[in-house]
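Here it is, the structure in full.
So that you can tell them apart, the chains are marked A, B, C and D in the order they are listed, and the count of residues begins at 1 in each.
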Amino acid sequence: MARSSRMKLWPHCFPCFDDDDRSGNRFTAACNFSDDLLPSLGATAQQPPKLRKYLVSPYDPRYKVWETFLIILVVYSAWICPLEFAFLRYLPSAPFVMDDVVNGFFAVDIMLTFFVPFVDKKSYHLVNDPKKIAIRYLSSWFLFDVCSTVPFHSISLLFNKHEHDLGFKFLNVLRLWRLRRVSSLFARLEKDIRFNYAVIRCTKLISVTLFAIHCAGCINYLIADRYPDPRRTWIGAVMPNFREDGLWIRYVTAMYWSITTLTTTGYGDLHAENAREMLFGICYMLFNLWLTSYLIGNMTNLVVHSTSRTRDFRDMVQSASEFAARNQLPQQIEEQMLNHICLRYKTEGLKQQEMLDILPRAMRASISHCLFFRVVQGAYLFKGVSSRFIQQLVTEMQAEYFSPRENIILQNDSPSDLYLLVSGAVDILVLLDGAEQVYGRSADGELLGEIGVLCNKPQPFTCRTTKLSQILRISRSKLLGIIQENREDGNIIRSNLQQVDI
Amino acid sequence: MARSSRMKLWPHCFPCFDDDDRSGNRFTAACNFSDDLLPSLGATAQQPPKLRKYLVSPYDPRYKVWETFLIILVVYSAWICPLEFAFLRYLPSAPFVMDDVVNGFFAVDIMLTFFVPFVDKKSYHLVNDPKKIAIRYLSSWFLFDVCSTVPFHSISLLFNKHEHDLGFKFLNVLRLWRLRRVSSLFARLEKDIRFNYAVIRCTKLISVTLFAIHCAGCINYLIADRYPDPRRTWIGAVMPNFREDGLWIRYVTAMYWSITTLTTTGYGDLHAENAREMLFGICYMLFNLWLTSYLIGNMTNLVVHSTSRTRDFRDMVQSASEFAARNQLPQQIEEQMLNHICLRYKTEGLKQQEMLDILPRAMRASISHCLFFRVVQGAYLFKGVSSRFIQQLVTEMQAEYFSPRENIILQNDSPSDLYLLVSGAVDILVLLDGAEQVYGRSADGELLGEIGVLCNKPQPFTCRTTKLSQILRISRSKLLGIIQENREDGNIIRSNLQQVDI
Amino acid sequence: MARSSRMKLWPHCFPCFDDDDRSGNRFTAACNFSDDLLPSLGATAQQPPKLRKYLVSPYDPRYKVWETFLIILVVYSAWICPLEFAFLRYLPSAPFVMDDVVNGFFAVDIMLTFFVPFVDKKSYHLVNDPKKIAIRYLSSWFLFDVCSTVPFHSISLLFNKHEHDLGFKFLNVLRLWRLRRVSSLFARLEKDIRFNYAVIRCTKLISVTLFAIHCAGCINYLIADRYPDPRRTWIGAVMPNFREDGLWIRYVTAMYWSITTLTTTGYGDLHAENAREMLFGICYMLFNLWLTSYLIGNMTNLVVHSTSRTRDFRDMVQSASEFAARNQLPQQIEEQMLNHICLRYKTEGLKQQEMLDILPRAMRASISHCLFFRVVQGAYLFKGVSSRFIQQLVTEMQAEYFSPRENIILQNDSPSDLYLLVSGAVDILVLLDGAEQVYGRSADGELLGEIGVLCNKPQPFTCRTTKLSQILRISRSKLLGIIQENREDGNIIRSNLQQVDI
Amino acid sequence: MARSSRMKLWPHCFPCFDDDDRSGNRFTAACNFSDDLLPSLGATAQQPPKLRKYLVSPYDPRYKVWETFLIILVVYSAWICPLEFAFLRYLPSAPFVMDDVVNGFFAVDIMLTFFVPFVDKKSYHLVNDPKKIAIRYLSSWFLFDVCSTVPFHSISLLFNKHEHDLGFKFLNVLRLWRLRRVSSLFARLEKDIRFNYAVIRCTKLISVTLFAIHCAGCINYLIADRYPDPRRTWIGAVMPNFREDGLWIRYVTAMYWSITTLTTTGYGDLHAENAREMLFGICYMLFNLWLTSYLIGNMTNLVVHSTSRTRDFRDMVQSASEFAARNQLPQQIEEQMLNHICLRYKTEGLKQQEMLDILPRAMRASISHCLFFRVVQGAYLFKGVSSRFIQQLVTEMQAEYFSPRENIILQNDSPSDLYLLVSGAVDILVLLDGAEQVYGRSADGELLGEIGVLCNKPQPFTCRTTKLSQILRISRSKLLGIIQENREDGNIIRSNLQQVDI
């Protein structure tokens, strides 16, 4: 077969996998976790086949632990980095030792990255070749990672022991580059079906907000700290000797100013006193305008999404009520309508039908088989028919719930469907001289309307539920079509039907 | 029938009910009120069958009154609890007596809960067994309920008469646990179709907002009250001897600060003066950021929902106008289009068709029978046919409204539908030599286009409404299908038609 | 015909009209203006048939002018009423004279209302009976209208010439009852298709905002004005002798405080100084929280609605680009796809298809007839056929636009549609030895693919547009169905086709 | 053919083009860039045919550069104009020289506009006639353009050298008229599919916000500058000698006040001190209320739109999980469902199907031909059949992806589709004595289910993927329809099938 020619036709159309059968299980896990080495939305059934000895699999649980540990270090860095920059001017070097340790871990990660295969974006293959891994890393984030790891503070101490240079401190800010790890973590988690979307989204927004507050507070303090006249600064105006105050009180004050500005509360007890602070305030407030809009936009999105189910249900119920009122339907029918709609929203999700529609035929057949096969097999009409017939039957069947006192079949109606009572209880009624009389009662597993459907007569009875009932439904045309294709089974059904009638 | 086997197949698929027929009426009520003992969206047709003597039915109206009374007490608790905590430091024990009475009621409720059956989440059965009731309660909220009911204040008085310990006061805050009752009440009301969704939602949001303001004001006052230097507190800075002021003025001031901060107005006349207050302010403002976004999100949701109908109508009308303008349709046709769209939005709800589609066939047949049977029976063409025939006919019929001066049938058009004029007036026009001449006039109950449909000829007349008319429509193919299945009725119709023609 | 019985069946189902034919024109006007005496969404084709002599038609243009004049007076009242209440304490009675004149007009309107027929909500009939008009008015708004019209100020002057009693002033506030007129005006305008929805909605929101600011400012000033210690008021703290200042400066200051609070700017230069002002501030800020959310919700609604068209277009184009890129479609096909989508969004509105679908068959036939009849008549294939045949044909036709260089028919494709080139230019190409050769060129009014469709052969040619072209399309099955029902016309077409082939 | 009569019928229905074939390429470019001389949404395939010698084509790249240059000048004007108005009171005339240069460029553009053809809104023709160009420009924006270009400042210097009149300055504000160019630029960019919608929209909002801040700051400074008592102004209250301060410090202070007010932070360190400032503050805050709502509305719109894909995917997955849990489906089927949904969202865009549906038939056939022709040709069943047959076949085919371990065909199921394995691997399984046994394995290019479909027998095998597979699907009814219309090809297929069976 001209495989090569076809490969030219669809080279990007779908990923090509040459790996073995075990990938199926792997795939599910990957789909659930959607690793950052994998594309976010499933479709990556891959078992790294023959990892070279010294390479580290990106799916190795120990590697996952290492990544989680680095995320924690990133969060620590994000908090300590602006703090050092602004507040820790004359402090001893204790925190900087901690800093160097953290830098060490990230340096190890840089080394490690050269030994972790990556997934090619086009073929979805795991690339094992160390050269390719190195080229890819060196040509992408390597330089940034190295810059954000160099311990500039310790280097500065080597050259000049007592200098607290702003330039070197500024270089420390490069460590915020590490935040891209958190950013990509959230991007992954948002698409991970194991976590609640709203929770992930809110956590992300809160993180961004807290980081913005922290950074803005620190920078604003730095501006005040460096200003020549301490009394003409936002903090010096209310705390004249603020430099002698404890770190805690200064940090809280800076945070207080920051959040007061971010939320646009703006008490005014702390406010810009000089042009530098005003300029920073202008930038920060512009950013806040954007951030606040973004927060509100996201919250609106979540609220609209979370209430859509209730809203749809209410719209439907209101539509039924209005329809009944406008057309003066009897109270009884209105109640039946409302009950049915309530029941439907209870038993079916919002997108169930849409979900079933996109599944391929074989999968829907499997589901039907798994759900209905044994019940249909038990019905008297299908006693003795081939399992092939029953399988074709269940594929076309649909389950429905009926609330109590609801009509399943109306007397004299044309027979359009065959019903199978899976559970519940149904009264069989006959209209005699204008009054309904109970003719019989159907229990679980019995068929309803089979005479009408098979003999093509108007329904002789009215069938009404007395309890909440589950019913399988198959349309007459589909049933007759299946019977026509399976002649012998049709004969068995006919004889089954005659035995009952007699 | 192998019922047991089937039960294994669908144990969770649907609730099983073994109760009697009377449940139908009960069900409706339950669906409407959606009690908190029942799942929120209907589907719970249940009459507690044989309640043991000493058990209290959760559907008992007296129990409902008791629950409502408790809700009121909860609201009182939610208001008094932070107030006591913050303001009532040196007050006499009068309010605490009231407190003990309230606690007593809740203690009674704890007792009572052991005698109220509950609904099993899986089977939707009411569980009568006192042991099971007790086990369920003891293993869930019992401990919390007890903790929130113990009168810690009175106990503290027993041990040490004059101490106003913060620890004991803090224990009083446990009473806020009772708020879960209000929370679950709102969750239920939102899904209750008897109440307006927007009203419930707004009430909930206002309640949350007021409670947040109340709590924040009280806590902020407590912080100031406990601060060693009264002049360095938010309230002391403007009211130096605030502790001597009346409760009312202090309470209003605290609330004023609270709402000023929540709405981010932030006048700045009252603001944090020390680190403790700043810390609390930071927390409160972060919470406000979330609360404000949530309020706006909900309001947007409600606005979007409430205007969707008007918006859809306007989109449709604009689309019609644009279409007419782009294609230079005659003024007359444009007017007809706009009138028809106006009429349609007037007579049909936004989701009417969708609602009808999800109803089962028998219910739709009932509705059609109830609405159309007598009109169709009266038509000359269906004189003498069996009621079975008419019933099958009405099931397939659809009602439509036509505004005045609208064409129902165009001369020479192929006959696709049979129309029955239910009410209104229709002119029958013939195009002779390019000019329309009035040939006749149809009154209520007459058929339109029956010659075209039954003889398969192009429509010989144009039918145009002269008044707002309601018309029943059945497609030709469905009509012929029904006639084919009922031969004798078909012959009657043929003879009816011939009698008129002659 | 048993009309009475049917009337019992649908008493509320549709409005009954007994008026004459002229109502058609009236209806259109009513639909456009949607008077407040009429239901908002069309469906009210009514000419007041025989108005009694002394009654005033609500459709009388003079009555409309009177109503508009009253709206202006209402706006004046809404502005002057809080102003009088708060600011005009020691002023001479000049504005009160103006007030009495305004009251006079409203008194006249109360009289007049007894002579204006109203539309019954159920039957949509105009009720002429003066008794019924009086009963309806007396039992609804009469009392409120009278209370809001009594000149309390003048009455108070009668009793006690120099008293400026708060109580009497408060009674003046009753005049705000008149605002319901403005409220109902906006409700009507929102559904009026002659006005832009966004503009009406914005105007409404701005009016509410301005009125809220005005009222709050006035009330806050009143509280300060009545406070015993002027220096302990919000205005007295910054303007110690504010009572001696001019009305203008006091009014501007009050408005400035009001808007500063509403927008939550809260500079803090003016702020509550005593418990009364704090209480009012609390209420106002709570209201603002709601109002701001409501404004944002409405604005979001308008923004989402106004950008939906552009967003849909962009989604579609992006989807086409992604599809082309993923499947590596040739550049040429991608361009054709993008051009076609651009063209489609240009030529068709967002809801055109949906709008056409809800129109009744006869109206769609009229539109098709009006648009396509003459073009189809001119095609060589339909020379000499009956106009009945062409009419049936055009009803099933659909217009489509093709951008230049787009294929209409592909060679060898199965013939599914017949095309009629309305305008533009089409090249007819044949694929010979792998190269396309121009076989012919079609001009306006020529048919494409008729040989394939009528002889049921695969398309012999490729047809490609060279200019922007409009094409009418009819599916093969529908065309053959119409031909089958009109045998003679079918023969004419066959001979027409043969003449060309030879 | 009666072309003229048809032209009367659809004069506005579509643009008429008389230009040559080369327009196809032109059209694409126009659609992509959507020039402001062209309608925004494509549909303008136009090559200016015979431009008169002295006219400048609006498509000339040099003209585009000139337009871009003018946009930059407009931005400069928008910034300098309010600045001059407010701050540059006693400055030397240096900036005014720059101003005159800018004015000069705009004067040139006014001249130029008389030589640039425009596109007629109705016919989409480029109008070449200089008279018509002049009439159109003179009757539209000419006067505004001239007014915004006259160098009022220089003129004022001619008359009175030392006067800095407010009146003349006010005339300079007319230059803001030029901003309409930026406004129309954004309107165009928003519809340009080459740019990201969110980016353009955000840029527009940021521009509007910055301009509002700049203008408000300048106007507020102007009011303070002109106020008689400098100490009673918002800036004079904190900077008593503000007029002696540098331009930079005054400008930053004004911007700081402006942004503090816009974001409703309102520290209160700078606030209105007199009625004039209060009035301006009232107006500015009202505008801010609108602007903030508008920003939030737009942000919400963008957030909702950008997250819709992820939300839809999550809804679908959650629906599948709920369905599986409610019906207790086996773990294996649930995994298959989730994998399939993941795969589908990965391989298909959100609107792919909708996009394909609106394409005309010939275009869809081209795409299918381009994607599937060679694969289908290679299948053993279609060896030797005419290419016409294969072309008709591929038009009806649909591509689907199956994740590993998913069933394509279930044994005993009725044959509804024929599958062609494009790539991947499929195991063919037979159920023997309740256990599945591997019967064979299908490689790329092989057919699945052909025996069932062509012989109309229940599927004899189960086909299950072992890798990610791409499969072409054609429904049995369409396949049989095509075979019936091509008898010879049907015979070839039959013999192909028999050869394999033997």
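Convention: a residue touches a chain if its C-beta (ideal position, glycine included) is under 8 Å from a C-beta of that chain, and two chains touch if they have at least 3 such contacts.
The structure presented is a predicted model; accordingly, all values stated were derived computationally and were not measured.
Colleague: Rounding to the nearest 5 degrees, give the angle of the rotation that lays the CA atoms of subunit A over those of subunit D.
Modeller: Here the rotation carrying subunit A onto subunit D measures out at 90 degrees.
Colleague: Same or different, please, for the subunit B to subunit C contact, judged on whether over half of the interface numbers appear on both copies.
Modeller: Mostly different residues.
Colleague: When the centre of a chain is set as the mean of its C-alpha atoms, what distance in Å lies between subunit B and subunit C?
Modeller: The computed centroid separation for subunit B versus subunit C comes out at 26 Å.
Colleague: What is the distance, in whole Å, between the centres of subunit A and subunit C, each centre taken as the mean of its C-alpha atoms?
Modeller: Subunit A and subunit C have C-alpha centres separated by 37 Å.
Colleague: Residues touching two or more other chains, restricted to subunit A: which are they?
Modeller: 10, 13, 264-268, 292, 296, 298, 300-301, 304, 326-327, 347, 371
Colleague: In their complex, what parts of subunit B are in touch with subunit D?
Modeller: Per the stated touch rule, the residues are 10-13, 264-268, 296, 300, 325-328.
Colleague: Contact residues on subunit A for subunit B in the complex?
Modeller: It comes out as residues 209, 248-249, 252-253, 255-256, 259-260, 262-269, 292, 295-296, 298-304, 307, 310-311, 313-323, 326-327, 329-330, 333, 335-347, 371, 374-375, 378, 400-410, 412-414, 416-417, 422-424, 443-446, 456, 458, 466-468, 470.
Colleague: Where on subunit D does subunit C make contact in their complex?
Modeller: Residues 1-3, 5-7, 9-10, 13-17, 19, 21, 23-24, 27-28, 31-32, 39, 41-43, 45, 190-191, 193, 197, 261, 264-268, 271-272, 275, 278-279, 281-282, 285-286, 288-290, 292-294, 296-298, 300-301, 304-305, 347, 349-352, 354-356, 358-363, 365-367, 369-371, 387-388, 391-392, 395, 482, 485 of subunit D touch subunit C in their complex.
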